[in-house]
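Next come two complexes built around chain A: one with chain B, the other with chain C.
What follows is the complex of A and B.
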């Protein structure tokens, strides 16, 4: 083999001429280098516009901004170590905000999970009404929030339908909007917006449930509820984890609702970490803003990373 | 047997009730936008009045129909129309930008193997999942460094690089069979040719879903203008519609109806594709 190929090259080679030469003259014009690079690494070329934008607007300034975490604000910045983070956690305003965020997340994640599982099960079992229901349940997700805030406050008005429905069960009229019960308004809006999205995800995963197992369960006499709990849910467990993570991450995105209802300085029950960050930004306390961003980012990295691991395990 | 029948009917009722609940606020906004202004003003003046003895019935059928508010909003006052135009500018800019950038990146992530690919995609997913507040300062610094603060571009340019569209399109592109792409290579098509002539037509439902979701997201923007824009005249309509006075109430409903119509109509046109697009959202298997 070796001798054969060597001879082959010898024949092809023209003496006195470099094997690779640019047609534009000179050795290796820049154009030529670029096309060669494109041929060897086309992926990077395709990725470049998106990656450069992401680096410029998101990643690089985020990383350089990290220095504010350890510095005092103002012109004569000095190194403070972990002092900023400690004082952030000691700040009463931040504690209130964290508490509100935690309450909100803890309320919303199980609620949306249960609601979306129940309705996905309903649609899946009944098989009818699927298409209309799917479209209707995505509608809140694409509708702008500001358009519905007014109507939700109407529903939760002291004379409104929510109080009326509660009164059928013997409840007193309550002031939802002027008190810390405002929280419920935001929780309802979150559920209204995100549950449909989760239903679609869960329904999609239910379609891959093995029909044979299901049929044999039916023959054994399992009713709809038992089939759901013992046959379907174990098979769609990865999706349930995914939906849980997604709901958690989305629960950090309530600022829009909270702001449109209560403005930049809402009732204390609606004051979130996001409000805190805006207010600190307005008073140029970048160190607090950066610290809070880092907390959010770490939290999301942990959640998504955990999800990756769980999914990899479940696939095995 | 009848037990099963009753169960099925109950399930149907639950499903239709939930659908109605999902649509109710939007439908009511539409109805209120064609209700006569005096009726709206009177109805909403009862809000928050704890002295009122009885509950406010939800008004579903207007007593008098009126298009007066639409005349106000579209022809006479132009206050809302101006901001609607701002919203349109920003959203169209973002969607067009994403259409230029996201398919290329999605193609790289789905069809090539390169170093750090999966790690990089993980970063995309993390950024996609972050709330805006986590990177608002980063965006601000970057925009400030190129002098775009307080310009309309500050709302468009960072939005173009939103990782969600890349993620969504990648999910479609990984499902395109290898054989098709290989056949194109044998016919002598380069990577760019393969993307534009074969890949993009094959994932056109994904592009539709991407356009609808990106448009809806940007149409709904609230946080960015609060931070990047000082000049109120550059605000999108999504921030203007929350300023309500009892007098402006009828006009606000007309403006809301117009505002909602854009993403909702877009969604209704492509609703099958959007639902399929959401179904495709999952973590990559690598």
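What follows is the complex of A and C.
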């Protein structure tokens, strides 16, 4: 007679699948067929709270709201077809918002990845100081965003310490918040705050790299850089993909920082799709809110989907 | 078993939904400060006609939550919630025009009894309740933010007339003369200088295109006059609100319609340098509007008729709305402090006064732009050019946001 625990074991050991290498699941997790998944009642039970929340608070409102995309606003709403979508594509402001989001993602994702890898490698190689750096790197991540933003705006205020230091070197005081410099300020702040978490993820995966291979590479005369590039990175690729995906998704959630610094109407360089949607919502233009969110969701799905395809091909 | 449970739940849901439609209560969303007034009117109405629906005033107690409270109300309207039967709408609210344009109201002209009240109204006030060809709401409060009410006798005591304070310079001279001879301030409340800025914003906003050009000589002139703070001396201390008694010499009152019955006559804020004598001023109206999604429309109409009837009552905070003496005489809520103000002369004067006002709705960004200029007037940390550029930039962004698909 099969026990529940036996069924669990069977699910984890799907024949023909590689065992999970990453402690975080991610791409290395065994892929189960949907039917097997459905048969797994305990799994469904554990997932139920999350799935129900997702269904009722995200998927259901999203689907029921879709009709607004094709309607005019108003009590006697009329069917407009694709007018709302086309209007959005023609809107210069919406284009600017999409462009800003894309710029932000393009700047943040590679930078986070490179910084995380470099710092993780440094910490990994110097295990003595590693514990301190590991703790220090995660501190900005756990700090509340509001506090971080307040601190940064104080630092970069027109009369703040940064401008003070610049003035010592004869440079003029700069307005960091009210101009297009704000974009780079927010990007830097974002990197400072979020890189630590990625370092921890990458470090954890580095710790399960096979020691024998590393020792053999060392015996063959490979230095630290070569060991990292040719031995460690290939082994932690699934985690790197996972970190990339996570960074990409998180990069679309920059609104919190941008709002806290610049309010609902920040400098144009920081005006994102989320600003657009929020302002349309506040102005009761639900048709544009839904249209913008659908376009934005498709954009995110395309990007993340593309990344998964790249990952799948690289695994093959 | 789960199927039976699901079935029971569905039946329960259906029963609850059908019961919800049978409510006879009228839910009104209004500000708490007016709850007592509404309550008094309603009790008087029920005493006359006990068939009137019970009324629940869903009020906001805390003014700091006022914006959020209004937002939740709007969301309810747009999602066609029937929780509210009658809601309040203020003309200066940023979303007022949008709600009317999108037809979130019930046309009151379909009710013959209501039309009797509108027919007796001053045409200006009736126009302020009209959107297109439909009458969308009943005006519960009409506020004249740039209206003054003056006591001519008291002004004469210090050697000034109504015409003398038509300009800001004359107004200043009068204040000086008054302060030299009287122990009380010349004006109850404040002469809110910001109102000149708000007035410009509302009167120059192009609804069709969303454009508002702030970089004009006229607007610069207004700001320059306040930037120099030359008129601040005319503003009494902010704590200087006085209760007007007949034996208290205070010559001017701001925006106080009740003043009609105390021998005060209406006038306008002084003209600024460069303003034409024909300049009209903004009026702010708060209406009661029936939610088109309401399931209690019949009761809501009954309540609106009660409001209209109560507006004849002199305790009501509106100035004269109807220009027919007989119409007032029929008021069942007639108070005890009538001062025989319903004369032809009084009706004529109010008619002329209303001609000096216009109604404009708020627009998206109105509050934010106001805040920029408030800061300029009060703090003066920014230059005039910087302030105008900041406000113009904001308005241009908002225009691009709000007028997509209409270029």
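Points to keep in mind about this one:
One rule holds in what follows: the second predicted complex is superposed on the first by the 221 of 316 C-alpha atoms of A that agree within 3 Å, B and C clash if a C-alpha of one lies under 4 Å from a C-alpha of the other, contacts with A are read in each partner's own complex, and residues count from 1 in each chain.
Methods note: a contact is a pair of C-beta atoms (placed from the backbone, for glycine too) under 8 Å apart; a residue touches a chain by one contact, two chains touch by 3 or more.
In this text the structure is predicted, and so the values were computed from the model without any measurement.
Applying the stated contact rule after C-alpha superposition, one finds that A:91 touches chain C and leaves chain B untouched. Legend: residue contacts after superposition of the two complexes on their common chain; A:83 is shown touching chain C, with no touch to chain B. Touch criterion not met for A:184: it reaches neither chain B nor chain C.
Taking chain A as the reference, the larger set of touched residues comes from B, when chain B and chain C are compared. Touch criterion met: A:283 reaches chain C, while chain B stays clear of it. In the superposition on chain A, A:99 makes contact with neither chain B nor chain C. Once chain A of one complex is fitted onto chain A of the other, the partner contacts of A:268 are limited to chain C, with no touch recorded for chain B. When both complexes are aligned on chain A by C-alpha atoms, chain A residues 264, 286 touch chain B in the first and chain C in the second.
Residues of chain C that touch chain A in their complex: 71, 74, 78, 80, 94-95, 98-99, 101-104, 292-293, 364, 368, 394, 397-398, 400-402, 404-405, 407. Looking at the complex, you find that chain B touches chain A at residues 7-8, 11-12, 14-16, 18-19, 21-23, 25-26, 28-29, 44, 46-50, 52, 54-56, 58, 100-102, 104-105, 107-109, 111-114, 117, 120, 122-127, 129-143, 145, 157-158, 160-161, 163, 166, 191, 195, 212-213, 216, 219-220, 222-223, 226-227, 237-239, 241-242, 244, 252, 256, 259-260, 263-264, 266-268, 271, 274-275, 278-283, 285.
Per the touch definition, chain A reaches chain C in the complex via residues 73-76, 83-84, 86-88, 90-94, 264-265, 268, 271, 276, 279-280, 282-286, 288.
Listed in rising order, the residues of chain A touching chain B in the complex are 41-44, 46-47, 49-51, 53-54, 56-62, 64-65, 119, 122-123, 125-126, 128-129, 132-155, 157-161, 163-164, 167, 173, 175, 177-178, 192, 196-197, 200-201, 203-204, 224, 239, 242, 246, 249, 252-253, 255-256, 259-260, 264, 273-274, 277-278, 281, 286, 289-290, 292-293, 296-297, 300-301, 303-305, 307-308, 311, 315.
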